[in-house]
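What follows is a set of structures for review.
Two complexes follow with chain A in common, the first pairing it with chain B and the second with chain C.
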Partner chain A sequence: MQTKHSAVGRDADFIDAAEKVTGRARYLDDLSFPGMLHGKILRSPYPHARIKGIDISRAASLAGVKAVITSADCPGIRFGLDNPDVYMLAVDKVRYAGDEVAAVAAVSEEAAEEALSLIDVEYEPLPAVYHPAEAMVPGAPLVHEDKPGNIAKIYEIVRGNVDEDFASCDCVFEEEFGTSLVQPCYLEPFGVIADWEPNGRLTIWTGIQSAFHARAEIAKALGIDPSSVTVKVPYIGGGFGGKIWIRNFHPIAAVLARKTGRPVKIVLSREEEFIASRARVAAGIKLKLGMMRDGTMVCKEAEIIADNGAYSWAAPKILLNMSMRTDCLYRFRSSRTVSRLVYTNHVPTSGFRGYGNAQMHFALESMVDICARKMGLDPVEVRLKNAVRSGDTTLHGWKLRSCGLSECIDKAAAAIKEGRLPGEEAGGRIRRGVGVACMTHVSGNRGGDNFDGSSAMVRFQEDGRLLVYSGESDMGQGARTVFAQIAAEALGIPLSDVIVMPVDTDVSPFGYGSYSSRVTTVGGKAVLLAARQVRDQLLKLAGKLMNESPDRLEIRDGVIFDRLDPGRRMTVAEACRAGIRTRQAAELTAYVTYDPPTEGTDSDYYGDYSSAYNYGAHGVEVEVDTETGQVRVLRVAAAHDVGFAINPKGVRGQISGGVAQGTGWALCENLVLKEGVLQNPSLSSYILMTIKDMPSIKPIIVETDDPVGPYGAKGVGEPTLIPVPPAIANAIEDAVGVRLRDLPFTPEKIFRAVNPQLKEAGK
Partner chain B sequence: MNVQAYLTPRTAEEALEQLGRYGGEARLIAGGTDLMIWLKRKKYTPRVLIDITGIDQFRRLEFTGESLVIGAALTHAEVALDGGIRSLVPVLAEACASVGSPQIRNIATVVGNVVSAQPAADAAVALVALGAGTEILSRDGRRTLPVEELYAGVGRSIIDSTREIVSRIVVKAPGPGSGSAFMRIAPRQALALPVINVAVVISTAGGLITGARIAIGPVADRPFRPEGAEKFLAGVPVGDPGAFAEAAGMAGRESSPRDSLLRGSADYRRHLVKVLVRRALEEAAGRVDACKEGMPQ
Partner chain C sequence: MKTGQVLNFTLNGEQVEVLVDPAETLVNVIRKKLLLTGTKRGCEEGECGACTVLLDGKPVNSCLVPAMKAHGKAVVTIEGISASGELHPIQQAFIEAGAVQCGFCTPGVVLSAKSLLDRVTLPSEEEIKTELSGHLCRCTGYVQFVDAVRLAARKLGRFHDRSGGDGGAGRSVV
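On to the complex of A and B.
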């Protein structure tokens, strides 16, 4: 591969790395405009309460305060995705501790903060529901009066004849698993600047993963046309799925800006990021697996009850992924999943790296080990025996045009066995073990018959440098670099001659955004096709200038030359200078809209809906201190089928990040709620791992040359997190013989599991 | 925050004069890693901050014949990295190295760790085990008090930083035949408050323990000393694992950790006290010979 390509398939430093590490890159909070005001939001301290009255008079008369708004100042529109269930400021009642009640715009953050303390809200606390099971009980308090039983969404998805298949199995196993509430904890707090232009249009600056969705959702919340809204995306300091969708503060800033006639900036505090951001959907999962004695997995049944929190956002879609995707990991004959998403008075949930798929992987990939062990089989062998393969059509209709699952399992399992530390130390007090788990995910997601593509514009400037425009955001994952590599490769120009423009919905071609691990695969393909069109234009122009047939010309390192007579040459820069803004009137611009050749899904969610399907496997070695329950993850061997690594360095970065986030989820991250109120809303009490907690990581890149993606590439962003928690659970069982079924695996839980005889440990 | 002046005295006398001049409206600042947060939360609302880190005599780390003297401006990093402290009182070096992160250790002072009066402040827990004393300056003169006696409750010191200055900490040199160790369990390897921390200092003679001091956090409103366990250890052979386990069990029973949603159940944390006290005793006993040389001159 190295010899075939000049720009792709090679380690590239991110093209914006120097800007970022020197502090020159401008993030939202670095932006300021003349007359700009600072907005702050008053949030409910109660998980469920009626608002009996709000008195803003003291706040409004504070010096420096320019506007104080409540729901009375906002359009009475409920917005959201599948379940439009939220007002930008609470109407009549609040539904979680953190719910938006009022907002202030003032000349300084301090004045805005002080004004919040002067808003008098009279609450009448209401009975609340904190657990989905309680919330479904008839007569339970309703979070939304129009959602009977607190049900936000129900799916029942059946493939094949699962009852018949279970009856024919040698062994049937049943287990229950639970996942926890965690936050993406991106480095840059989310925020917005809103400004109404003199022509009546609204400009929004926000570091969002999906600018075009944001444009539509902000317009919906304000009751205006999407084409009246511009969304401009500065640098994004991480998103991990938490910045795909807008939050209430986006339209709130717009209302404050309209009321004051000035730009308004709102940036969340870290505390707000914890209490009022969108957490990962936590789920209780009952799983039933039917197997034959030889290890063949036959059928799977799942019952999911998931905590939606107070508002829905993307949670229904997340539940759908949770309900289905793992069925496409193995060659199941049948499956049935019944899943319920239930409103509670908890923080709302939404997208977070893995988008529901990670939760069910924890359950299934733990289950595979449990069942294999019970049957006396090697869990790795069981996985290999059942793994889906290239050419398969899975239970839900995915057509696997490329699939490196078996290779990933083989390589991860082999790598983690190499160089192991002793299984025991300190007289058995320290025990070590290894575990493997695998994963599948998507590279795009059509969802019904929707567009699932991307578009790109590629344009030469007169000096031969190239501008690339895409509607897909770079949240730090390296999309700009991948786009630049693809354009440089397709055009035969140096990477340094490619400039990837920021996303601006008035200028950038349409793109859905950075989610579903789709940007390289779908966005990159659009860039590739556009670059190829411009290449044709450039060769046509050069042919004219060189008096040569364009099909004899090639481009390499920024030089156009005659393949049969390489001495005849001109640089790309010379061609551009001669062609652009001259009587040649060369266009040297292409705008391509690309939609991948997939079918989408029918009304029963069946169908081939992603451009490509990603597979991977992790091997993990852990060390458990049986006396304290502390676990250290020592090593991770992470094998991922990425189709083709356009930027191997970027892939390795994704693997490190996914392992860090996945290990944190497994061992220490956890939103601890007490009667709906978050107990650890800070980075000192919500335990993210630091570099000192990181295992050593061996990244293994598996390439399967996908027939659809650009140069054979598939996504890798979300997949790197997905297998981590079950692989750790499997390794812990290997080390100490206990099975942990509920995330996170805190030292106390492990201690109690390892020492069940010590009922009262301290006595 | 309503701070209107930031003063940088060059001598202790000047600092005391400035405190007096602002009559309770000025507050001392050293590293500021706790104070800045408290100012933002309006726990304190001083008009004036007096930065004592530029006072030369507070920058001194001295080994006198029988004592180690730590000036008020010395940081955790300076103490943790000092060769003399590492060999003579490893318990203090280890405790200081456990605090926060490199950035915090480079600026937060050891005296600040004591005056902030948190029951599990790592350096303070080690100093209580060492039986360290403090020198306190005020306009009324100079007095000395053990670190242990500066506590008035969780996060409350008897030291009034609008009126007086803890100018230094004095640690009496552990004699030949002594050993010490510090251990903690925390939810991550850096930047984390301990679930339990333990400091142990033992003196020995002729293969027997002659005295033991143990400090544990956070199991009370201040670093806690399990006196029963300490007494039990006197006269016990240095290498007796059964006796160490017995003492650790006593320390666990004497401690009163609380149930905590974030730190774990009281029961589990009491178990951790036992584990850490035993391990720290074993570690300290193993170091007895290494500390034979005594004070560096």
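On to the complex of A and C.
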């Protein structure tokens, strides 16, 4: 496999790594412009309160302050995705502790900060709702007056005849699971610089995953045309789904910039990243599974109640993924899911690596182990027996053009059984166990019959180096490198001769952005097609120059040669020089828009909507200290069907990063809210994995050569996190015989589960 | 009009003098006044390590250090270790080991790695983990950091053989 290709399928150093290790890569906060002001946002301390009055006079007269704004200064437009429910600055009332109330622009961060403390807001606290179940009760306080019952979204998705199927099953099991609120916690705080050009256009610099969506949403919030907005993306210090969508600070900075006539920068503090960013949607999940005695999984029923928080951004989409995707992991005959997304006075929620799918995987993949154990079956065998396969059309109409699920299960299970540590130590105080969990996800996502494609532009320069433009951002995952490898491979030029340009919506071709693990599969395919087109142009030109038919020419290592007479050759650089700025006037430029050959979904969400479907399985070994309840993940074997690994080094990096985030979610990360107020808004109290907590990780790359993706590739970004929490839960049960159904698995929970007698005594 | 104290220190081998506010932190002086933006701000509460610089050879979170604490001392930022324009072997090792994803944590981690390798020629896995335990990285899952520091140790060994160094003196490639 390795020999067939010169650039793809090989470990490549990230092409932008040198800029990053030297500190020369510029992130948003590293940019500044003449006259630039610093913006800060005043946030509500109350989870729910009426704003009776705001007095900005003291703040406005502070030296160095150039503007103070409230909702009165902003266009009265509610924006958002499925539920446009948010004003950039609160109108009349605040809905969570962290809600934006006013903003200032000043000559320094310090002056802006001081000005915030001089804004006087009179609040009248209102009764609030903190639990989705309470929020749905008739008569509960309403978060949004126009959302009766606090319902943000309801889905009911039924396939087949689930009642009949349950009646015919040998065994039916029911369980409940709960997932917690966690933050993406990318290391670079999110921010923006806004500046209005003299011609009336708005320029936005922001490290965002989806520049074109940002352009549309910022324009919507400001009530202007998207084409009046340019979004420029500097280096991004991590995103993980938390930087797909704009936040209120984007249009706020634009309003401050318009008011002052100067560029305005807003960068969130780490505290704001906790209290006012969008957390992973937390859900309570009731699951019912019908099985036959031989381990066949027949049908599944789920009821989900999810906490939307105070504003809906992508949460409805996330709930949809939660409601459906795991049904495509096994060959279920029928399923029914009823799910509700409920407004509360909590921090708003949105996407984070896994985008809803991870929550339901925790429930289902825990459930499979519970049921298999109860039936005396091997959970791994049960998974293998029911796993979907290549060629299947799943319950929701996905067409599996490639699927390596069984191979992933086999390999992860075998790898975790090898080299196991003793099951017990320290006289039984330390117990060890292993567990396996699988996953499925997408590589792209066509909502309805919308476009789900990407465009790419490639252009040779006269020295033979190639510029690649795409609308898809690199948030650190290595998209630039993958694009460069694809272009180098298609053109037969060295990787070092490919330059991948930063995203700029005025220059870059249209792309939806880095989410749904779609960048390699969809964005990469567009780059491949554009590179092939420019190759044809180059060979046509070279044919003229060499007086040879273009189909006898080939390109390798930057040299164009005659296949039948390899001595006849010219370099790509020579050809480019002869074609650019000469009378030959070869275009040597291609612009391709590619949309994968999927149908999308009908009004009932049925249909084949992703270019490819990703599968994987993790095996983990854990150790539990029964005296402290402390869990340590010792080893992880992570097998992922990536179709084809364009950059195996990048894939391994995605695996180790996803394992770290998944383990953190399972064991230590958790936003703790008390009456709507976040109790741990800092990295000292919100605990992330450190280098000392990491297990040893064995990445296993499974290749199934997807027929659609570029060189057979599929996505891998999100998949690597998804199976981690259920695999850990399964391993904990293997170690100590207790089942944990609520994330995170804190030492206290485990201690109480392992010592049930003490739980009683403690009461 | 500006009140402040005069801070005198060596920054990446050069003597600098700058007027600072007593409350100003070292990271802000480096970034905003001296315009070296390789030092990052990830939390400004001493928890992430992105703002790490070497103060007299020791890694510190420059968001917690009042700028005046650097008076009369030597500070090395990420810009100082590849001043010649060539990558330092540690930087090269981080790239090759795949230890760089988004890169936001990287300058700080590289400096801590340098401080460790300045003291210990061939650090153990435990020593590496202890040295880097104050750095948060949300992208990599850290496993490549260990590989990178080991690879760097090997590269530095060769580097010193070539330059005839004694393993200690030639180490500070500032």
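Quick notes on this structure:
Convention: the second predicted complex is superposed on the first by the 759 of 763 C-alpha atoms of A that agree within 3 Å, B and C clash if a C-alpha of one lies under 4 Å from a C-alpha of the other, contacts with A are read in each partner's own complex, and residues count from 1 in each chain.
By definition in this document, a contact is a pair of C-beta atoms (placed from the backbone, for glycine too) under 8 Å apart; a residue touches a chain by one contact, two chains touch by 3 or more.
This one's a predicted model, so the numbers in the text were calculated from it and none came from an experiment.
Touch criterion met: A:G657 reaches chain C, while chain B stays clear of it. When chain A is checked against chain B and against chain C, the one touching more of its residues turns out to be C. In the superposition on chain A, contact of A:F79 is made with neither chain B nor chain C.
Look at A:A17: by the touch rule set out above, it reaches chain C but stays clear of chain B. Touch criterion met: A:T690 reaches chain B and chain C at once. Once the two complexes are laid over each other on the shared chain, residue contacts for A:W313 go to neither chain B nor chain C. By the document's definition of touching, of the two partners only chain B reaches A:Q679; chain C does not. When the two complexes are laid over each other on chain A, chain A has residues 684, 688-690, 692 in contact with both chain B and chain C.
Every residue of chain C that touches chain A in the complex is listed here, in rising order: 31, 36-45, 47-48, 50, 77-79, 82, 87, 91, 94-96, 98, 100-107, 110, 128-130, 132-133, 135-146. Residue ranges on chain B touching chain A, taken from their complex, read 101, 185, 187-193, 195, 252-253, 261-262, 264-275. On the side of chain A, the complex with chain B involves touching residues 627-628, 630, 668, 672, 674, 679-680, 684-685, 687-690, 692-693, 746-748, 751-752, 758, 760-763.
Residues 11, 13-14, 16-27, 29-30, 184-189, 235-238, 240, 269-270, 475-478, 649-650, 652-653, 655-661, 682-684, 688-692, 694, 696-697 of chain A touch chain C in their complex.
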